[in-house]
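Here subunit A shows up in two complexes: once beside subunit B, once beside subunit C.
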Partner chain A sequence: KTFHFGACRVSMSLAEIRAGFTAIKANIQSRDPIRTLSILSHPHSLHKVKSADRCCIAHQLLTFYVDKVFKHCRTEDSFVNRKISSIANSFLSARRRLGQCREQNNCACGEESTEKFKQILANYEGLNVTSAAMKSLGELDILLDWMEKSR
Partner chain B sequence: GDALLPAPQSISILSTNMKHFLTWSPVIVQGATVRYSVEFQGEYEREYANGSWIPISECSLTTATVCNITEDISATVAYKLRVRAELGATRSPWATTKGFFSRAMTSLTPPELRVVADGHHVLVELADMGPSFQFRVLYWKKGQESRVQQRGMKDVSSVVHLDTMEAGAEYCVKAQTHVEAINRSSSFSPTQCVRAQGDTSVWL
Partner chain C sequence: SGELYCSLPNPKNVRFESINMKNVLHWSAPEGTGDGVLYKVKYAVYGVGKWIRKPECRNINRTWCDLSSETSDYEEQYYASVKAFLNGTCSDWMETTRFNPLTDTKIDPPMVSVSSTDRSISIILTAPEKWKRSPEEESISLLQVYPGLQYNVSVLNKKTKKRWLFSISNHTLIVPWLEPGTAYCVSAQIHVTTPLLDSGFSKEHCITTLKDK
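After this line comes the complex of A and B, so read on.
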């Protein structure tokens, strides 16, 4: 399907990503003991980000997951590892397309998205890396819901 | 003890309609049952996870010389696959695919199409090919090849009403698949034409 992030139109197999996540969601979320905290939604929901800033923050979030999250989510469960690999490679593919569009369209990062992403990083760095990575992965449906809204 | 067992040879990937299989030649050891284990590596693992490999559990210690890798080749990036032979505690070196494989390289075959005239109605039936597939159906009145109409279809679980025919006219239909994830389409199926005559259709 094609998604609109600000000026960028990107086709992504979100259904495949969501299917992969749904298959491991319970397992991943069971590894996250701190249920009172959110990395993506604290203090404000992603849905508050202005349309013009969506392109920038979408690219930042894909990069966040690729660079920081997936590598710290390796488990003892082969099935879970395979699904994480599937999601990670899908994010890599989507980020490449969004990155190309971002360069062509020069979709700048507004103050709001910069602030929002800073907050996400602060939430992430406030926990030890494995807990933060597992929590971020467990919140993937928050990100997918937000992206799905971008159709 | 690893070097005694030779690595599997002729390792290759067969991919048709988004179904991907790794195959290799058997390693023959007289009087023994050799087993094989398969692992994959996506672009993410190469670039961000220290070149790590991920085992495919369904193809761990298998006696088969083919492995269905469809579930794991689930992003449009470049993958590598490898397989090794195992006999007891002895393991062969890994045999790794030369070059990369991306699902965009899959070969797409035309869809199976069935066209039926039911009275004045043209009905089509397409074989289901999985969630990745959409269908593009072209149809026209014979003799009016310049006025082709088209219909996109995704859910093909049942017969679809395509059009209502003028009495005695002949209508022709062909179809192709489209896979959005790789942005490619198959070639068209052979054209099928039908003409309605009362309740029975005439295959031409």
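After this line comes the complex of A and C, so read on.
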């Protein structure tokens, strides 16, 4: 399926990523006891990002998951680990494609998306790395829900 | 919070049951408690710092509580929790897993209406509406919620038992080159690819094509 992030169009196997996440969602979310804090959805909701900023924030979020989340989410469960690495590989290729487009199209990072991504990083850094990574992984459906709205 | 020491067994299997985003919290009574158990319910928006009590589900003896209104924003995710009381003692708060209305709801089959000529059948499909607080509230079709929503349509020739299956994104379908004066039965299912959601098939709608002129 092709997704439109501002000026960029990226084909992604979101259904495959979604299926992988659904298979481990309960396991991952049960490792996150903090109900009162979200990495992606509060205080700023992804769903309020202006379409002009989608390209920039999508690339930032893919990079965030590749660099700061997947590598800190090893578990004692090999099934879960396999699903995580499969999702990570899908994110890696999507980031590469979006990165190429971003350079060609010079996706602007507006003030709002910069502020929003700063808040996401602040939420992440408010926890220890493992808790922050596990919470971010448990919120993957929030990211996928937002991405799917950009068909 | 001034509550008693809680030694009552806990409510079990606390979960959301959701159809077309009508989101109802369900649970099972604590083991071995018989009649007289009362419950109270609270819920929280994930990522927001407070639990909110549901007044209409305070001191209730039923084992469900409709939280559709409180969980109607499907861009948010939620937790809900139940506590049991009996003879001055209580249970722990028992929580659901994280509930995402968008991915954790079930979808009803589409409405199907059919009409025919002598050699074709016209099928019109209508996706169910998202739950709404009152009839006056604006209707939101699940088609608006799930942009990738498709229909799988089955058409059965009752005489030859031959069946066709169509997968369409459009809500209308014309099946041509049929036999005059023959009964055909149509049923349809909703299919959303991401998130992966499938309704059941609708009941069959049968119609007979007109006789040859």
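As a convention for this text, the second predicted complex is superposed on the first by the 151 of 151 C-alpha atoms of A that agree within 3 Å, B and C clash if a C-alpha of one lies under 4 Å from a C-alpha of the other, contacts with A are read in each partner's own complex, and residues count from 1 in each chain.
By our rule, contacts are C-beta pairs under 8 Å (C-beta built on N, C-alpha and C of every residue); 3 or more make two chains touch, one makes a residue touch a chain.
Note that the coordinates shown come from a computational prediction; the quantities given were computed from them, not determined experimentally.
K.L.:
Identify whether subunit B and subunit C fit side by side or clash on subunit A in the overlaid structures.
P.N.:
These partners fit in the superposed model.
K.L.:
Have a look at where A:S85 lands relative to subunit B and subunit C in the superposition and call it first, second, both or neither.
P.N.:
After superposing on A, A:S85 lies in contact with subunit B but is clear of subunit C.
K.L.:
How wide is the angle at subunit A between subunit B and subunit C, using CA centres, rounded to the nearest 10°?
P.N.:
80
K.L.:
Based on the superposed arrangement, let me know which partner A:A15 touches: subunit B (first), subunit C (second), both, or neither?
P.N.:
Once the two structures are laid over each other on A, A:A15 reaches both partners.
K.L.:
Look at A:S93 in the shared chain and tell me whether it touches subunit B only, subunit C only, both, or neither; answer first, second, both or neither.
P.N.:
first
K.L.:
Does the superposition put A:S45 against subunit B (first), subunit C (second), both, or neither?
P.N.:
Only subunit C is touched by A:S45; subunit B is not.
K.L.:
Considering only touches as defined above, state whether A:V66 meets subunit B (first), subunit C (second), both or neither.
P.N.:
Only subunit B is touched by A:V66; subunit C is not.
K.L.:
Going by the contact rule set out at the top, does A:L144 touch subunit B (first), subunit C (second), both, or neither?
P.N.:
So A:L144 only meets subunit C here.
K.L.:
How many Å separate the nearest C-alpha atoms of subunit B and subunit C in the overlaid structures?
P.N.:
5
K.L.:
If I apply the document's touch criterion, which positions on subunit A are contacted by subunit B in one structure and by subunit C in the other?
P.N.:
In subunit A, positions 1, 15 sit in both the subunit B and subunit C interfaces.
K.L.:
Spell out the part of subunit B that touches subunit A in their complex, as residue ranges.
P.N.:
Those residues of subunit B that touch subunit A are 40, 42-45, 47-49, 54-57, 71-72, 74-77, 131, 180-181, 183.
K.L.:
Spell out the part of subunit A that touches subunit C in their complex, as residue ranges.
P.N.:
1, 14-15, 18-19, 22, 26, 29-30, 35-38, 41-42, 45, 47, 138, 141-142, 144-145, 148-149, 151
K.L.:
What residues of subunit A sit close enough to touch subunit B in their complex?
P.N.:
1, 11, 13, 15-16, 20, 66-67, 70-71, 74, 78-79, 81-82, 85-86, 88-93
K.L.:
Which stretch or stretches of subunit C touch subunit A in the complex?
P.N.:
Residue list for subunit C touching subunit A: 44, 46-50, 75-77, 79, 97-98, 100, 102-103, 147-148, 193-196.
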